[in-house]
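In what follows, structures are represented as structure tokens.
Next, two complexes with chain A in common: one pairs it with chain B, the other with chain C.
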Partner chain A sequence: MAAQARPELEFFCFRVGELRFGVPSENVLEVLRAGLLTPLPRTPSFILGVTGHRGQVLPVVDLLRFLSKGEARIGPRTRIFVGVSGSYVSGVVADTVLGLRRIPVSEILPPPLGGDQAAEHLLGVVQGSGPADGINLLNFSKLLQTARQRAVVR
Partner chain B sequence: MSGNDLLDEPAPGLDADAERALGEVDVLFFQIGDSEYGTDASSVLRIDRALPDDLTVRDLGLPHKGHRAIVFDTPEGEGHLKVDAVNGVRTIPLSGLRRMPVAAAAASYAVGVCLDEEAGRPVLLIDLAETLKTQGRH
Partner chain C sequence: MSLESPNEKPAKSRGARKSPGVKAGAESVIANTVTDPFKPFTDTLMSVLSGNLNARVPQDRVQADPTGFGHLLNQVLEQFSSAEHRKQVAAQEIDQALDSLIILVREGDLSRWNTSTEDPQLGPLLEGFGKVIETLRIFVREINEAALRLSSSANQVLAASTQHETSSTEQAAAIHETTATMEELKHASAQIAENAGSVARVAEETLGAARAGRGAIGEFIQAMQQIRSDGVAVADSISKLSKRVERIGTVVEVIDEIADRSDLLALNAALEGSRAGEAGKGFSIVAAEMRRLAENVLESTKEIKNLITEIREATQAAAGAADASKHATESGEKLGAVAAQAVEGILAGVQETSDAARVINLATQQQRTATEQVVASMAEIEDVTRQTTQASKQATGAAAELTQLASRLAELIKRFKAD
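Let's look at the complex of A and B:
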């Protein structure tokens, strides 16, 4: 009997701070070196500034601040991935890029119930061999939408 | 005549220099603390010595010394912004300027950025008159 194909989803996975995240690969355009950011006056704290890339100006988001999980540190090895959802394009800080991973849908667990605001922006979680190896799968479209709403209503 | 012919020909009454000027803007670059900013040079009246009451916009950073002031025109009169240095005026093609992304939700006086290769990073463009409104001064 032929083995049945297990449905999978592809995620761009990265680490920032102590946390591992995955973003649906269709939401990620490319990865850049962090380079020099231009800070902006009176932006929400989770927007670190803007960077120029291919003639475009990208706001750069600190995911840890956005999710109230600390704050990212920009160093020489820091990367920014260019994320897109509809007409919104944004850079997001990543300490380490883990790469593209195909994750069987059956391994994706629902986000923790009654979780914090980080949980609100998760599609689900994938457990790893240890507690630090799990991956939080982000609902990137919702995340960008919330970021924009928070920025506008201030 | 094709559409491209229309774009290639100078508009009636404009010489080549005037036509080129339409696609460029003079940007005055200045320094506050460690940050460089730019502004439309046509809004600047002069560079002066700073006076104690001159404007400091905290969100743009505090000047190290602030011995100079950019004097600019507003509907209510002159405005004076303390700066550390004026780095000069450069003519920038409009193609090198970008509006501030709405998603960045920056202050209203941060109107855009200049993708200036010399600076190595985008330079924030400031509407000087708008800085006064946000500070409630003129």
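Let's look at the complex of A and C:
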């Protein structure tokens, strides 16, 4: 569904822990401050809890736990962006929002072969100027679907 | 011959009538060479005259002579012969006495004088001699004793004089030494006077320095008080600064909050712009710029917060330092007071030292004068002692001579045997 013909794509880029991720900007509704999170019983550990947003209950996902890359920490400057895919809406924890970036399609590299669980949710990888500057571009719709499935299976 | 004269007198007195008779007899004997009847008488007289005092007129002639002349003549001759005999005995005794005297004079032996006589006429003479000799004997005895005493006394005098000479020489040496010592003492006292002068000078200098020190300590205490009041002012300023910094902190918090909200707003605006497609592109760029500004503000506030933290630490350190400075100045003031007291003590001590040094200087000057007088006196004493030594040498010589004389006298006196 991504417009492959366009020479470049816009991604909402952020950092969690040591990892940088990019989410297609059409999947992001808005950015919030991390307010009070109410933990939900009987949910997977990657769902930190729920928070109220514009009269709706919004589950908040920790990407690091979801991808088994560690744990996110909630601080005063922590952001939560509201991601959307179809009818599914979910909050995702981001330590720092890097901003909207337009990335040429030609620069997007395929995800590394034989990768772990994270690799199946990646659209591709963009090399940065340094080894830590690389950005993992997420297939947010698939990720959200998987997350929902996991939460329901439980 | 003189001895004969007393003998002659009685003879004369006795034969005053006879002597012319004898001569007349002799003339008559010469005349009798012719006249025979007187021949026995003349012969007898001739014989007596020639020395035979025992010659007498023969008895037959006496009896034959009726005139009794022969008898008378014999009686005269008898008396004459006894007188002659007595004269001879007296002469012999006189000779004996003279011999004794000669021996006495020659040998000085007074002990042998033991001449006596039965002659009543010579008796008083010899008795007088004996008394003279006895007196001489007593004299000699006394002189002997005196000579002995003189000798021992002269010896004692010599010994004493020798001792005196020795002691006088020793005294001279001692006086010489004493004079030398007094000279040294004089030099020493001069040295002491000089040293005391230096001490007085040094004490004066110290006094000046101590006074300067007292002034300096007063200034120090004033400076300490100034520092303390300045320190109080500094502490006030620091606390004011701290309050201001805290206020800056709260303001920065507000700014931070606003910047954070601005960041979020800009981000969401960018997302809105992005959803608007090509139409919102410019809006998105402005929003991104706003976001960058907000981030800059956040960075600046972070820096300010760091600075505020540093300032807070610094002000705390400064407050601590001001407190320490306050304590230090307080103890400095106390120390200054103690030092001032100490300097007062030093001033008093130095004043005393200075006075004492001056007194010592005066005393040593007096001592020097006295020592000089003593040296002069010692020189006079030395002169006198030299004279005394010379005199005692002369006295010793005289005493030696006296001793010799005394022994000579004793020798001489020894020649006279009194006992």
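Structural remarks
Everything that follows uses one rule, which is that the second predicted complex is superposed on the first by the 148 of 154 C-alpha atoms of A that agree within 3 Å, B and C clash if a C-alpha of one lies under 4 Å from a C-alpha of the other, contacts with A are read in each partner's own complex, and residues count from 1 in each chain.
Criterion: contacts are C-beta pairs under 8 Å (C-beta built on N, C-alpha and C of every residue); 3 or more make two chains touch, one makes a residue touch a chain.
All values reported here derive from a predicted model rather than from experimental measurement.
On the superposed chain A, the positions of chain B and chain C stay apart, so the two partners fit side by side. Contacts of A:Gln56 after superposition: chain B is touched, whereas chain C is not reached. When both complexes are overlaid on chain A, the residue A:Ser90 reaches chain B alone and has no touch with chain C.
Applying the stated contact rule after C-alpha superposition, one finds that A:Val31 touches chain C and leaves chain B untouched. Counting the residues of chain A that each partner touches, chain B and chain C differ, and the larger count belongs to B.
By the touch criterion defined above, A:Glu10 reaches chain C but does not reach chain B.
In the overlay built on the shared chain, the residue A:Arg42 is in contact with chain B alone; chain C does not reach it.
Within the superposed three-chain model, A:Gln145 lies out of touch with both chain B and chain C [touch as defined at top].
When the two complexes are overlaid on their common chain A, residue A:Thr78 makes contact with neither chain B nor chain C.
Think of it this way: put the two complexes on top of each other by chain A, and the tightest Cα contact between chain B and chain C is 18 Å. Contact residues of chain A toward chain B in the complex are 35-44, 47, 50-52, 55-59, 88, 90, 144, 147-148, 151-152, 154.
Across the complex, chain C is touched by residues 10, 12, 25-26, 28-33, 77, 79, 97, 99-100 of chain A.
In the complex of the two chains, the chain B residues touching chain A come out as 35, 57, 59-60, 98, 100-107, 109-110, 113, 115, 120-124. Those residues of chain C that touch chain A in the shared complex are 260, 264, 267-268, 270-271, 274-275, 284, 288, 291.
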